[in-house]
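Please read through the structure below; I'll follow up with questions.
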């Protein structure tokens, strides 16, 4: 998870649309789905004008824009639906945190999509405009997180085709939140793997780097997920006709899920912080082991070497040197000392 | 306590019933108790249709469902009592956190049962539907936590038979919370055992694993218990006719108990976090001991060996070598150094 | 401070009176004081019936029950004053945390008395029923914490005889809270003693055990004291005629004291947590000392021994061996090395 | 900063005045200032009766009492102004925490004065009674913190003479809070000095003692300052005619200052806690240094000594001993090993 | 980031203007911009009187004062616009924390500008007075943070010329907050650089000094930024005609940005605290390495030296000495021991 750049270009004029994301290459693409209970049509285009021909007043229209670099096309869409300039700015401002803004004719929701890519957790900016009979979604790159919803629309599975635009919004938020579960499950796996590796491998700096990396990741996930609680909470309380009463129950369900994810994030956070302590004790334990080996070796052989040193001295008058068995007696004493020391360390439980 | 899977299958259609628990094998079983002040009947069945014949409008009916894998039977029950699809989904969704939802005709309560099994703390999903004259309970597996309540119903002990369905709900929640006391008492025992073992056994990595395991367990218990505070608190404030005034006092009692458990959990949590510090100091103290032995042995014998080395040199002109008592004088000096060092370390309180 | 048992017997019927305290032996004793401005009478008894003869409607009656094991007598008292079954249960349930419950005709207050006994801090369950002209108090064992109040009643010191039952309640709560000051002063003494011992004695595991014990004690004191803040706070706001306006000022005084105690508890808590860090640095400092001694001894004598070893070799052609002053030259070099090393370590501030 | 005694004598009768401070010797002295826009008089006395002759209804009277041990005189003053007995008790109770109490005819404010004395931070109890045209202040000892205000009164500098008693109260609180800035600036200096000493001096236990002392001091300052936020906040919201609207702006200014001090205290608190970590790493770094010296010395000379030992053996058949240059070859090898080891440690960055 | 001096001169009279900042030398300069949709004029002066000639009632006037040391000139400006004395005091009091004060005819806003200078983060005091058709800004020194806004005014880019004074205030706050993004991005860079250096360089005290410095800096940034959240939040809720409804949307945008910055600050804060742990484990890991080298060297050569010592003894009767191949046999044994030890350490993963 790379560090995101700051939220907007410094000193730009407020209300100006400037795409600050990292996925500059992604070409902007429009995907329009027009549906009601009986009808379903899908259309792809790269220009907004093209797409407009397709909109039918009697149906619910879902505009999905993949890629935010083509600011001009997005602007045309925004002007068609009379969006506020600050809303337009936030759509392409990938640093914007999750929020909800209530306008007279539409809701503006910003969320973050989290998913895995090449072992990293990617963070993608998603904005939604929910109107009375249309829904606009803006994604940084064309991912497939909304595909299951498209399939349900196409095959008319479940209640989705018979409901209004707010239910479609719920379905999309639901699939975003579903992906959070995958991401935090993965966090949990990484924590467990790290824990195990602490007790198996030899200690190295890589582990601390990984722990620090994990800390950073969980803090960033937290930042993407926690504001969404507030968003969903405000959706629940909303009372301006854009959210139908029937949908409220489903939004409460979202609320449950997002709280559950938040709780898990906080638990994993504590576990990760605990990992560092764990690592410290592991290092200390190993140090203890090392020191014991040294102490045992030194404590046994240093005194023995001293005794050998004594009888290596060249004094002319050292009576023991002449005695016939003194060498063997000394060897015997050394063996006894050796085993006495071993016994001493055994009793101290160092062996 | 195994890591629970995430709360729902990713990308399933909201309102779909899918059992995500781990106890797939447990066969779904129905246990119906129909009672009032004068009457008591109990009936077991595996199909819902069977069970319905048994329901009597004038009495309070308690449907208890053991095992959630047979989604179809549960669906029939839900349809009979006109439950909301999302309620149906949450009944079989074992990842759902404790909550209460208030519908016009019934309350929906989700709680977690905690109990011991083979030295681990098991977490079981329980849902309750409280209607005006019926109570539905759904358990993951057939445990015996509700048996004392059944006995009181059968033997008409206490006030239970003369009260309405909400009192039965209270009695069941009460027995769930009673089990929490057992679980946290066990936590306390494990913490004390770990504390003792820190000062007795030789330090090993197992202790840190156990501490980390304990941390995880207390965090998960916390997650099962703390949301129930909110549930009980909302039950207290509820004002829609489903909870009788007489029962409110009893629910306040539940509230007391759940707060008490929460406080204990937080105390144990702090104690467990303290264990890691404790362990670190224990390791450090032992390291200190090891180092002292090494230092004492080395500090005494390294200088002595040096002196022996001096007179082991082969210089032709070393006057001391010819003197008659120089060997004994040197030995004497060595003994003096030896005891001087011992005295020094004694005074430093290293011995 | 022993770990208290869990709050109630598991799976007992709610509203059942079961004494779960540890002071089973203490015989239940009644002490009745009947007083007004002019009059004062005191009577002791072991049966409730006896005591009732004594009650006079025109006076304020204070029933004090010492010992909670004789559940039957307490029940009679409760029935006489028409107490709710759950109140009766909480009176003998020594695990109940401090709380206040407001009934139409009386207040029910649970508090914890803390006092020293044999170097430990004992925790005693106290309940009070405050009626219009009577006060019931229930203690686990007959302590003397209320004696100063009795004396003031007997000798008519201060305002107490001229006031109503709520003022008597205040006076009793005041003496309970006064005792908290003694207990936390003692905590402070123990912390200071531990701090000093950290810098004087040699490090041992006892200190960590004591610190852990202190942590546990402060957490348990906290649990006894903090809920009382809420109790006193609700007393202040109470508006049902049981608390006279004149008494409110005195209760605000209680509130001040309990907040002050809470703040002290939190300060001592931080100090205790800090002790562990202090201890760690003390151990590390000592380890440093040990290592320095070893390093100095080894660094000085190991090179010297090497030089001695060189000239202990038996090569036939070693020119230095034949030179006349080479032994003395070598000794001189060794002395120089010795002092050079000492100077080096001195400059490094290791000596 | 000595540990203050607990807040009141245990088991004294509530409403009794007992001086519990430590400055028993300080003689109680009265200082009366009577002023309005045109007039200024000052009078000192030791008896209250004397002072009363001096009071003029048309002017604002400021009674300042230095020294709280002469309880009787204070009582007379309290009775003259009809203060509540509990207010009287709190005036002499130096353990009382900062608070405000609103009575019908006067405000009662308790604050703490912090100042330096002999390198310690002294804590002094101050109470104020603010009436419509009088202000009573009670200090533990006669300090000079209020002198600047007296001078402004005497010389009629600023707006003070033309304002009412509440503005005088503001001016006094303002000088108390001004002194807090001095105290926390001093904390900041001590923290910086400690930080520097960590990296210069050799580690010793004194530093940990100082850090622990600093922790204790900041916690006590915090306890004196933080409740004053609430006091000032309540003054701002007060609406009973004692505080004039014109004064409110000035009190908001106090509020700003006290919040600013609180924030600084919390920052310094974190810095102090951080010092302990800093100290730990410093110790560990030094230990590392020590170990490196030992390891380098031992690793270089132990192998060399072994080689010397080899050729000190007395075997009859050791061909090397007879070769002419073997001694010099061995010396050469030893020199090579010596430099190889040095190079090795250099590359490991240990040198 | 130097420690700021306390907020005001101690014991000065409240409402007195005293400049307490550190940039005394900066000469006070006035920069007046007078504009409306059609018109734009700019004028520089050093006296207020001069500047006033320039003000045109029909246009919006922006007075920008650079340098706060010339208190007299600022006073004249304040008197012209009838500012409250306490506002005047806070304008030159650089220690004042960010706040908003609402007066009848104007808003008073204090903020902190953060920017880089010579590798340090500088903190500059900024005050704004927002009236109906004028805006006063006061800066400590003449920085260029407002230049982009001036350019937009001059070139009439965006909506700024057509809006009222409150929009100008928004534009200036926006450029202040934009600079925060730069500052916290820099923090992030410094944290990453420190993290990397932990694993590359040899451990030294500089790193701990830098970490401590970073802690201090982030705490001070936090103190400058966090109160601004409250300021912006109160601007949003303001309802007194000074803020036009059209501007509210833009202020919500500010709110978003400031919350985002706050969240980042807290994340970086946690990362910095984590650095210390990281550093500790790095030190410990290196110590481990050092100890292993010592232990391996000592454990291998100390026993070998002992064996050499044995056969260096001068006993007359040591049969091995006479055997022809005993020397070579011993050498062989030593080689075997050497490799056995190496193998042992290899298997322990110490090599």
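Just so it is clear, A, B, C, D and E label the chains in written order, and each chain counts residues from 1 on its own.
The rule is short, and it goes like this: a contact is a pair of C-beta atoms (placed from the backbone, for glycine too) under 8 Å apart; a residue touches a chain by one contact, two chains touch by 3 or more.
Keep in mind it's a predicted model, so treat the numbers as computed, not measured.
The chains that touch both subunit C and subunit E are D. Traced through touching neighbours, the fewest hops from subunit A to subunit D number 2. Taking only C-alpha atoms, you rotate subunit D by 70 degrees to land it on subunit E; that is to the nearest 5.
For the pair subunit A and subunit E, the distance between mean C-alpha positions equals 26 Å.
The distance from the centre of subunit A to the centre of subunit C, each centre being the mean of the chain's C-alpha atoms, comes to 43 Å.
Contact of a single residue of subunit E with at least two other chains is seen at positions 280, 284, 287, 291, 294, 298, 302, 305, 309, 312-314, 318. Because contacts link each chain to exactly two others and close back on themselves, their graph is best described as a ring.
Chain contact summary for the complex, subunit E toward subunit D: residues 3, 5-8, 10-11, 13-16, 84, 86, 89-90, 95-97, 99, 101, 202-205, 208-209, 212, 215-216, 219-220, 223, 276, 279-280, 283-284, 286-287, 290-291, 293-294, 297-298, 301-302, 304-305, 308-309, 311-314, 318, 320-322, 324-327, 330-331.
Against subunit E, the residues of subunit D that register as touching in their complex are 148, 152, 157-160, 170-171, 174-175, 178-179, 181-182, 184-185, 188, 192, 195, 199, 249-250, 252-253, 256-257, 259-260, 263, 267, 270-271, 274, 277-278, 280-282, 284-285, 287-288, 291-292, 294-295, 298-299, 302-303, 305-306, 309-310, 312-318, 349-350.
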